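Report on the following structure.
Per-chain residue numbering starts at 1, and chain names A, B, C and D are given in the order in which the chains are listed.
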Amino acid sequence: MSQQLTNLESLRSALQSAMADDETVVVFGEDILDPYGGAFKVTKGLSTAFPNRVFTTPICEGAIVGMANGLALRGMRPVAELMFGDFITLAADQLINHAAKFPAMYNGRVTLPLVVRTPMGGGRGYGPTHSQSLERMFCGVPHLSVVAPTIFHDAGKLLRAAIASDGPVVFIENKLLYPLRQQLHSTATIQHDVLDPEAEYPTVRLRNFGAGDSADVTLIANGGVSRFLPSLLERLADEEIRLQAVLPSVLSPLPPIAPLAAAAADSGRVVIAEEGIATNGWGAELAARLYESCMGRLACPIVRIGAMPTVIPAAKHLEDEILPSETTILNAILKVLS
Amino acid sequence: MSQQLTNLESLRSALQSAMADDETVVVFGEDILDPYGGAFKVTKGLSTAFPNRVFTTPICEGAIVGMANGLALRGMRPVAELMFGDFITLAADQLINHAAKFPAMYNGRVTLPLVVRTPMGGGRGYGPTHSQSLERMFCGVPHLSVVAPTIFHDAGKLLRAAIASDGPVVFIENKLLYPLRQQLHSTATIQHDVLDPEAEYPTVRLRNFGAGDSADVTLIANGGVSRFLPSLLERLADEEIRLQAVLPSVLSPLPPIAPLAAAAADSGRVVIAEEGIATNGWGAELAARLYESCMGRLACPIVRIGAMPTVIPAAKHLEDEILPSETTILNAILKVLS
Amino acid sequence: MMIASPNSFTITHQLAEHFYAQMLLIRQTEQQFLELFAQGKLNGTVHTCIGQESSAVAVVNAMDTQRDIIFSNHRAHGHFLAYCGDVEGLLAEVLGREGAVCGGIGGTQHLHAGNLYTNGIQGGIAPCATGAALAEKMKRSGAITTVFLGDGTMGQGAVYESMNIAALWQLPILFVLEDNGIAQSTPKQQEHAGDLSTRAQTFGIQTFTADSFDVLALHQTTVAAVGLVRQQQCPAFLVVNCYRLGPHSKGDDTRSPEELAAVEQRDPLRQLELQIDPEQRQLIQQSVQQRIQAAVQDVLGRPFISREGKE
Amino acid sequence: MMIASPNSFTITHQLAEHFYAQMLLIRQTEQQFLELFAQGKLNGTVHTCIGQESSAVAVVNAMDTQRDIIFSNHRAHGHFLAYCGDVEGLLAEVLGREGAVCGGIGGTQHLHAGNLYTNGIQGGIAPCATGAALAEKMKRSGAITTVFLGDGTMGQGAVYESMNIAALWQLPILFVLEDNGIAQSTPKQQEHAGDLSTRAQTFGIQTFTADSFDVLALHQTTVAAVGLVRQQQCPAFLVVNCYRLGPHSKGDDTRSPEELAAVEQRDPLRQLELQIDPEQRQLIQQSVQQRIQAAVQDVLGRPFISREGKE
């Protein structure tokens, strides 16, 4: 099997191919021109290949997304980059009161094929305003999708799906995943399959045990925390704990609940993990839905793991205490097992 | 017993007394000067009484809250009004990356006594950008409180508590509650008591049955939907259905879960209602927490009621179909009872 | 362009009548709204442009409505009617009846027809319009984009972000400031430092100013501005001094009687009326009145729109 | 004010030495940061103001640091050190050690000491500073507020919203534009239409410009601007043309060697050095070096800060 791409390479080549395939795709953002190629280099090479369709913008996140809205209304497929996900607050009005409103409030008579890509997450010591995972703010906004690849998804394919979609999508890229290689296939220990291969934004399932067995624990997780899974799955396999990890790639609207609920009920023990704060997070809605669907079939309460509810410190050792880690997830798994 | 104040009167007199009692209280917002006195008239009379501490601002919601942040850092107690709650998206960055960050990221060495008051909610035919209940976006933001009176709370007292608080508070006023009279005492049918009278933002409990009995159903609700309760409690009393309604006034961080869970477990049947969209709403976190705390003690899944997940139409009859009503709550109650 | 043609006299004459008919249509449609509101048949809110119709008519008629694009705000009935004349669709929209241009969902503040888009968030349309202008420039459609902003809305930072980008990238967009000197209840002097008509200068955007009192002159200025935008593929800023004769929305006017009397003197419709041949005028008045009466009757007879089939 | 005093020669001389000491302290502290970063002892990011120290020193020294207020941004070490000189507190902050000014939580971009506040969101501090200026005006403290903004940050609408309010309400605030001609990797010409130094004109805000190359002249200009703000209780806009000698943060400089060589020629520290008596210069250099070495040693010897006791 050929060496897998990194998340970053996958995203970058998706942008390249999307622009090559469709000349209505235009890309915007701060500092995205070559040779710099963007703060996280996802757009590197794009402006050289498509000089007339890649725009470096002034620093004005609101107008970046606003402009993208106008382009989308007029038949283009804008892909806007916000340099850090923390700045999405500045575009909240354009996302909520414009992008997500136009098609519905004009009674479906316009489409709004917009993608806002942005890196979220901590772990790099960037401090309180450059480390958050704010996608939760946009989960549940009607007519807006929130998509986030894990390392077990083909990030580029998801991005292509988002670009092909006729509605607005907030596309979350976790900073720490960029350099990691995508893991799209099974390994000796880890069974990799896709619950809904036909879905626009599919859900991946990973198991550290054979197909015949049922899981001891179900972990439902998204985005950045997926980086802990290869080690976690191996480690639990060693201890003969059967873990199944279910990884949706669309955070909002949630994918159909039945397959997730089936997976949850299969083990009766569930952990939900995300990098953002768990309180009122993505996992809150998911947990509520799972409880609804699994009434009487859960052996114990769902444990939700996320960042502690405070600011994310700049000092690395303090940051580590705030953000979820392999250990906090492992402990949650052991907790639901006990 | 003397005639109760309307919600509007209560809020207005709280602003008056807060300004009279503390000269660091300053009030800002669009069109708030007399004789106009603000779009919803909550600030009416203030600029006449305190001409030097009431400021009508240009139309710039971001800077309104930003300025308030600066005032708060410098020892004032700003109360900013956003004319419609829908515009809070424009202040999201100032609330999330400034107000909620400064005290914690400066390691507790500053306080930020800010109140952002804003009317949320529909039912007036104002259409997609003037009718939303967006408080859910700010629920779960660390170091930020979200407070919302019901008609069973002393709205003015809550506002005074918010003004007295040393951290930032988003204070949600439901438009349709403004003209309604506060109901702060028991009536022939409705037992009114406060679960935590000492709390800064107390939780009210209403029961249409005597103290000895336990409830058939527990409804946990907030803000605007409280207006349906007087009729609902009466109606269910007629049908001999014992309803207890639990109404927190602080939406985030949630009040201690134990008393809410006790109320939920008491009946084993729970409905959660809010005017905002239920998906990823205030009720999602609440439901998840109740399930956690009431494991095995709920007779059936919690039903969450909120606005349908779409834009709020301008046409009144269409709007009525989207927003929660007495009927949708009643139906949810009947559903959990069946 | 028409103005400069050889038979300019007749054409100006025709133009005046054409403008008069449109302005009257707007005025009377909005008066209907207020009446329907008073009768309880219309819910929510309406922001009428009574007194400002000439701005809508002068500007929109300077555009190429086959291809050009308009973004507008809460006070958009005039822009909408000058653009497409669909009285029935608009009436149905605000009354929630079948045939509503946005299915009764948008209502008065959130309208869409052809290339016209409105939204109720002050300032938010400025970057959207800027993006639309970029789209058309990239498509080489030759279309320009016009965005209508009020004086109060010049308080929003989004406007300056947009102007900067529009000038930096030389986008074909006309920023139209309808300066009626008031925002809801607040006079301009309490909202703005300095002179609003200089706000685009720092970005190197050429500024045009005119008064809405004289619709023909305003039109001529707009034609020049539109010509610049289209030919040079660059932004321009058009400041229209105008007068809000009515309340902000309904009945919420706190201006003094003197102030109201003063703006009343600046009614462009009455002013234009004087320039129209009385016979013609009567014909136009009759036709507009019939049109509107028929539309109201038609639309009120339609069933309320249903949500069926919508998710 | 000092400048205009009778013994202006000696005092200018003393001022130059004072400024030189501060600028050198800033320069060498930041060089330490880069070194510590290279050694893997410092995580995250640092935006050094290498080459721009004179702006920090000239502006902050024109203020009354006992009462005046400073808001700054991601590139704030210079402002911080010129304001309070707390090398140890700053070092501890970026190294996460005991004694950190913000408990290691804020880190390089989120600093607070006395009346100085920084944040890492470009533009967001402008309205905060405006509010602070209003607070001080209401309190009649006589304090003024200075807010530091970069040229790139002039793209944010929040800046214009703030200028409008500051001018409308005549607030004692000095907007300082540190125009180093670049934002991260993007040259000013790709970020802005028109001339940045005219951006405050439309609001009627008086504008001062100076070059950071000559710290004494810049200081003099700032003293005038501060004097205006304090005496007239009104806003002013100070444009400081300056030069970023180093990368945006660490190693991310894509400027050409020629460009870098050109800015290298504009190092205000080297320029000032020429004006200082060699003996004095050596004394200052030694003292600064000792100070920093001692601080680094001290701070690196401290334990990592703990979260205990924090919620």
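Keep this in mind: contacts are C-beta pairs under 8 Å (C-beta built on N, C-alpha and C of every residue); 3 or more make two chains touch, one makes a residue touch a chain.
What you are looking at is a predicted structure, and each value in this text was computed from that prediction instead of being measured.
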For chain B and chain D, chains touching each: A, C
Chain at maximum distance from chain B, centres defined as averaged CA atoms: D
Distance between chain centroids, defined by C-alpha means - chain C, chain D (Å): 46
Distance from the mean Cα position of chain C to that of chain B, given in whole angstrom: 37
Distance from the mean Cα position of chain C to that of chain A, given in whole angstrom: 42
Mean-CA-position distance for chain B and chain A (Å): 31
Interface hub residues of chain A, defined as touching at least two other chains: 57-58, 60, 62-63, 86-87, 90, 93, 97, 101, 104-105, 127-129, 310-311
Where chain C touches two or more other chains, by residue: 100, 103-106, 110, 119, 121, 155-158, 161, 164-165, 168, 190-192, 310
Contact graph of the chains (line, ring, star, complete, other): complete
Chain D contact footprint on chain B (complex, rising order): 26, 52-53, 55, 57-58, 60, 62-76, 78, 93-94, 97-98, 101-102, 104-110
Parts of chain C lying in touch with chain D, wherever the complex brings them together: 155-161, 163-168, 190-195, 198-199, 201-205
Touching residues on chain A, where the partner in the complex is chain D: 30-31, 33, 35-36, 39, 56-60, 62-63, 86-87, 90, 124-130, 310-311, 313-318, 321
Footprint of chain A on chain C - complex, ascending: 69, 71, 100-106, 110, 112, 117, 119, 121, 124, 126-136, 138-139, 145, 157-158, 161-162, 164-165, 168-169, 310
Touch list for chain D against partner chain A, complex: 43-45, 93-96, 100, 103-110, 119-123, 152-153, 155-157, 183-186, 190-192, 252, 254, 304-305, 307, 310-311
